[in-house]
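Next come two complexes, and both contain chain A; in the first it sits with chain B, in the second with chain C.
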Partner chain A sequence: MQQINLLLASLPDGILLGFVYGLAAMGLTLIWGVMNVINLSHGPIIALGMFGTYFLFIRAGINPYLGLFLIAALGLLLGILIYVVAVHRVINAPHLSSLLATFSVNMIIIGLGTAILTTSPYNVDFSLGSLKIGSTTLLGTRLVAALVAILYSAALYLFLYRTRPGKYIRAVANNRAAAELMGIPSSRILALSFGLGTMLAAVSGALIATFFPFNILSGGSYELKSFVISVLGGLGNPIGALFGGLILGTLEGIIPAFLETTWVPVIEFALFVLILLIRPSGLFGAEE
Partner chain B sequence: MKQFRLLIIAVLLIASLVLGSCAQQPAATQAPEQPAATGAPQSEEPMTTNEVTLTIGFSSSNTGSMEVSSKRQVNGLTLWMDQVNGAGGVPLSDGTAVKFAAVTYDDESNKERVQELYTRLITEDNADFMISPYSSGLTAAASVIAEQYGKVMITAGAAEDDAYKTGNTSLFQLYTPGSLYLISTVDMLKQLDPQAKVAVVNENDKFSTSVMGGLKPYLSSEGFEIVLEEGYASDTTDFGPIINKIEASGATVLLGGGHYPDGSTFARQLYERQVGLKFISLLVAPADSKFPELGDAALGVATSSQWELKATHTEQEASGLGIEWFGPSGDDFAAAYEAAYGDSPTYHVAGGYAAGLVLQKAIIDADSVDPEKVKAALNAMNIFTFYGGIQFDTTPESHGLQISHKMVVAQWQKNAAGEFVREVIWPSDVATANPLYPIQTP
Partner chain C sequence: MSTPGNETTAVSTQPARRRSLGAWRNPGIWLTLVTVLLVSAWPVLTQKASTREVIFTMLLSVVLASSLNIILGYTGYVSFGHVVFFGIGGYLGLYLMSTFGSSLWIAIIAGGIAAGLLAFLLGKAILRLRGAYFALATIGVNEAMRAFINNFKPFGGPIGLSLNFQVYQDYGGAAKALWLSYYLLVSITVGSILLSYLVKSSKFGLGLVAIREDEDAAEVMGVITPNAKTWAYVLSAILPGMVGVLFFFKNGNIEPTDAFRLHFSIELLVMVMLGGFGTVLGPIIGAAGYQRLRGFLLTSQLFKDIQLSVAGVLLLVIILFIPAGAVGWLRHRFPALRRVLP
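Now for the complex of A and B:
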């Protein structure tokens, strides 16, 4: 009975977090899906999103959810800049080149971040209260974060399927050469895609900052989760990433009810390897 | 298939970054010069013609999970060094004045780097004496190297007991050992609420595990019921599932924590979920002056502290015990620290300063800088400083273990102006306020 109560208490938390994990993973998988680039600067960009919330809320007094618009815009611009400076030149080179290019960006952001912001923990003292239902406590910040993640996912879906630039992105992802022959400016579309991916990473970081302390290195663990989620949801499938996030969040809710919490990453990464071995295209990806 | 191999490479790269907390390339630096401060430890202006400068080697965690406490420890040590050098050095009977220079590197809170750096400090920088890094885990790594080269190492910020039970002869511990860390807290609980149900939830690292290893049998021997025992990884950010377990266990008191990052996160989430615990004691984090940045989540959170200015040790206390007093008073030390760093000193600062003070006293007692004579002086040492009693176990079974220093229990409370203040709540003879028990929840 105690286990059931624990499950009921932990599961909603895990699911709410799962939406935010899913949002972070969407950014990673979008970039991979469009240009076959694994963005190793994903983690530091999540951390920059966290600092965005910190500076806008603590220093400028802007509500963290209003600040999301600015953080999203800056994330988009940063992504375009990274693409132009570091990725564009190696986009047609072997995969290892783009991997190392984004790894370099990762090191630059972490190095600068450490020098300027140190690795001391930062804390955004922001609360929306909590709702207690039986043994379950729902935190306001997590509820709103999940809602924002759903809204961003829906907006991304509409953008990709209902707008001209979105259709261009899908066309470039599908066949870049054919898209270029049809007059689609593939370089600009790739830059936009990279920008959207980093925007999603920055927004997820901004949301995470409303409930967890962080430092410039904090994005690393969410980047690792994003890899697991991307594989679960199907590489290159942004909407699948949201479901992957939910699965991971649910696992994080269920496992601690039965085992010590230290088992959570062990089981998550065992699942990662298992999915790669059994179904490399992911649970929601097409069969190869 | 090629794509997935690439993916695996990517994951391994990121995993190595996360695990290693890879931040910045290390740089050898001299300890920063700090303005000369007042209240220098006892060091008379030498009437000398000779001057010798000893190299003190240590690593500090300028980045990574130990950054907050490590920097404070280094600040304390640096203050001591500036004061001694500013006063002309430590005079020896032959007229030599002993001054000190620091060589230090960023260990990135990483054990592997600590071993590299301590080897470098000894073999390339020719350090004469060593000070430990901050934290038990890093110190255990450094102690292997110091012992291997026979270098005296004062372990400033490392409480875990095991490093002193492996036959080492060159380590000398300043902190009260980990196994005794929470004894005062249990004694206080025994008086406040003998029926308390205790949840023991700690970081899975050497220090916290060592503390809990000493705590659990003591709790049982004092008749407390332990209703939950849980460990968590050092990089845990979501304490929700653990807090749910605490609630489900029916615990009324939480004893646990680890270091600053996890402890501050844990405290914040306990507050957000309004768990209704009567008492919360966490290791390390609440002892830092940054802790009230958590806002009301800090209220009522207690910690075991190696030193508090409000309960600083005095010359009168030493005299009453018949033990030799050495060094500045707590007030002079705090004033000097505030003048130099603009912040009030925590126990990590005091530990760093006391490490220098102990080395200074050993050199004075040995009347020499010869490592073997200094080691003998440390073995014979039994003194009292503002930081408390200092005496080392000299038995082969646990050589270097601290046997004289005592801890206090401190708790964050609010003063009449509504500001956060850290009050000493135990032992009762040095308490500056009554314990906030149960903690007032909003």
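Now for the complex of A and C:
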């Protein structure tokens, strides 16, 4: 009985968080799908998104959900900048080059961030009250965050499947050479895709900041979660990432009812390696 | 993974009969060993503990980077979790010493064996993955291992293990024990350089390079790729396991976050890239250079707050413009040097 109560308390929370995790992972997996680059600067960008909320809300007094639009725009621009400076030259090089190029961006952001913002925790004091259903309490901020994550996913889906640039992105992801032959400006599309990926990361960070304390290094654990989720949903499959996020969130909701919380990462990463071995195309991916 | 400057050495393409001796005729390897020994002798001559610590860190990086280079540089598999072998060796060694009171020697050997065994088992599983999938799996293994040790009661969970101060008495007190660890590290470093060189100039190493250039073609040409990859992984894991024991013995304690620091693995990749991957000399120069640079940045007034960013910018410039690394660039630019720069 006690376990069921625990489960009722933690599972809905886990599921709501899962949507936000999924949004972060979607950014990572989009970049991988389009250009076969694992973006190791993903974590610091999530952290920058968190600080975006902090500065816009605490310093400028803008509502965090309004501020999301600004953070999204800045995230997009930052991504395009990173692509042009660091990624474009190594886009066709072996994996090690692009991994290390994005990792050097990671080092630059973390280095500057630590110098300017220090590593002491920040907190955005923002509350939307809570919703009580039986013994379950849902925090308003988490409900809205999950909702925003779903809206962003829907928008991404519509963009990819209903607009011309979205079609270009899918074409470049499918076969860059053929897309170029059809007159698609592949470099610009790659830059746009990278921008979209970082935009999603920044937005998810901005959402997480509304309910968890954070510092410049906090992005790291969400980056690792994004890896797990991307692999669960199939690397390169943005919609799969949302489901992957849900699975991870559900796991995080269920496991604490039966084991100590510290076992959560053990199970997550063991699952991650297992999925890579058994079904590298992900749970929802097609057979390669 | 083909970049300019990574041609196999002249040595390895010679007929087998001459190769057995030819490998030792290369002046480059002797020069490298003598240089390393001279640098290692410096703190011994001056008897200064501070220089010894600086060289210790440097040699530690040389062993780890050279070992990583076997799987990364020769075979072309990007391992993001190489520190897992360092950590597991350290943990087992300290566990044996603190719980069973075994000697440092046995602990070091056990650490090496444990790391090798882990690499063998892991290799059988994850070396089937290629490219970025392998890289991701190694990150997963590292994180899973850290999280597991964090919960593993015999290894002290999140608190880790620490050595009783009495342990050092067996080695003539703490000060003597520090020197002993230093001498042991110097000999392991020499071992790692020899191993790296022997692998590179052997037929086995040639098979690894073939795998790096084109795994399917290598298989067609008769390289038994699963075995070759697994053994390369094992060879690249043993010495990190041994120095793990040494490092944490010297430290006196071990914690999951210290033992399995993902960031350290990536620093090792940076060292190998700086020096030139796939060369014997590259990781040595890369490791020494990186540690010197880091020391300089950390102590300089101007850069100490943003040392990570400066290192990041430098790394980016190297990746973008000199992807073959220092040694690779030299070998490419001056073909005559290929005979001497192993």
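As a working rule, the second predicted complex is superposed on the first by the 288 of 288 C-alpha atoms of A that agree within 3 Å, B and C clash if a C-alpha of one lies under 4 Å from a C-alpha of the other, contacts with A are read in each partner's own complex, and residues count from 1 in each chain.
The criterion applied here is as follows: a contact is a pair of C-beta atoms (placed from the backbone, for glycine too) under 8 Å apart; a residue touches a chain by one contact, two chains touch by 3 or more.
Quick caveat: nothing in here was measured; it's all calculated off a predicted structure.
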{"item": "Chain B versus chain C as contact partner of A:Ile108, first or second or both or neither", "value": "second"}
{"item": "Partner chain in contact with A:Leu17 - chain B first, chain C second, else both or neither", "value": "first"}
{"item": "Touching partner for A:Phe227 - first (chain B), second (chain C), both, neither", "value": "both"}
{"item": "Touching partner for A:Ser120 - first (chain B), second (chain C), both, neither", "value": "first"}
{"item": "First, second, both or neither for A:Pro280, with chain B first and chain C second", "value": "both"}
{"item": "Touched partner set for A:Gln2, first chain B, second chain C, both or neither", "value": "first"}
{"item": "Chain B versus chain C as contact partner of A:Ile38, first or second or both or neither", "value": "both"}
{"item": "Touched partner set for A:Leu99, first chain B, second chain C, both or neither", "value": "both"}
{"item": "Intersection of the chain A residues that touch chain B with those that touch chain C", "value": "36, 38, 95-96, 99, 103, 106-107, 110-111, 114-115, 224, 227, 231, 235, 260, 262, 265, 272, 276, 280"}
{"item": "Touch list for chain C against partner chain A, complex", "value": "1-3, 72, 76, 78, 80, 125-126, 128-129, 131-133, 135-137, 139-141, 143-144, 146-148, 150-151, 158, 266, 269-270, 273, 277, 305-313, 315-316, 319-320, 323"}
{"item": "In the complex, chain A residues that touch chain B", "value": "2, 5-6, 9-10, 13-14, 17, 36, 38, 40, 43, 95-96, 99, 103, 106-107, 110-111, 114-115, 118-121, 123, 125, 127, 130, 132, 135, 137, 139, 211-218, 220-221, 223-224, 227, 231, 235, 252-253, 255-257, 260-262, 265, 272, 276, 280"}
{"item": "Sites on chain A touched by chain C in the complex", "value": "32, 36, 38, 85-86, 89-90, 93-97, 99-101, 103-108, 110-112, 114-115, 224, 227-228, 231, 235, 260, 262-263, 265-266, 268-270, 272-273, 276-277, 280"}
{"item": "Complex contacts: residues of chain B adjacent to chain A", "value": "1-4, 6-11, 13-15, 17-18, 21-25, 62-65, 67-68, 204, 230-233, 235-238, 240-242, 244-245, 247-248, 260-261, 264-265, 268, 272-274, 290, 293-295, 297"}
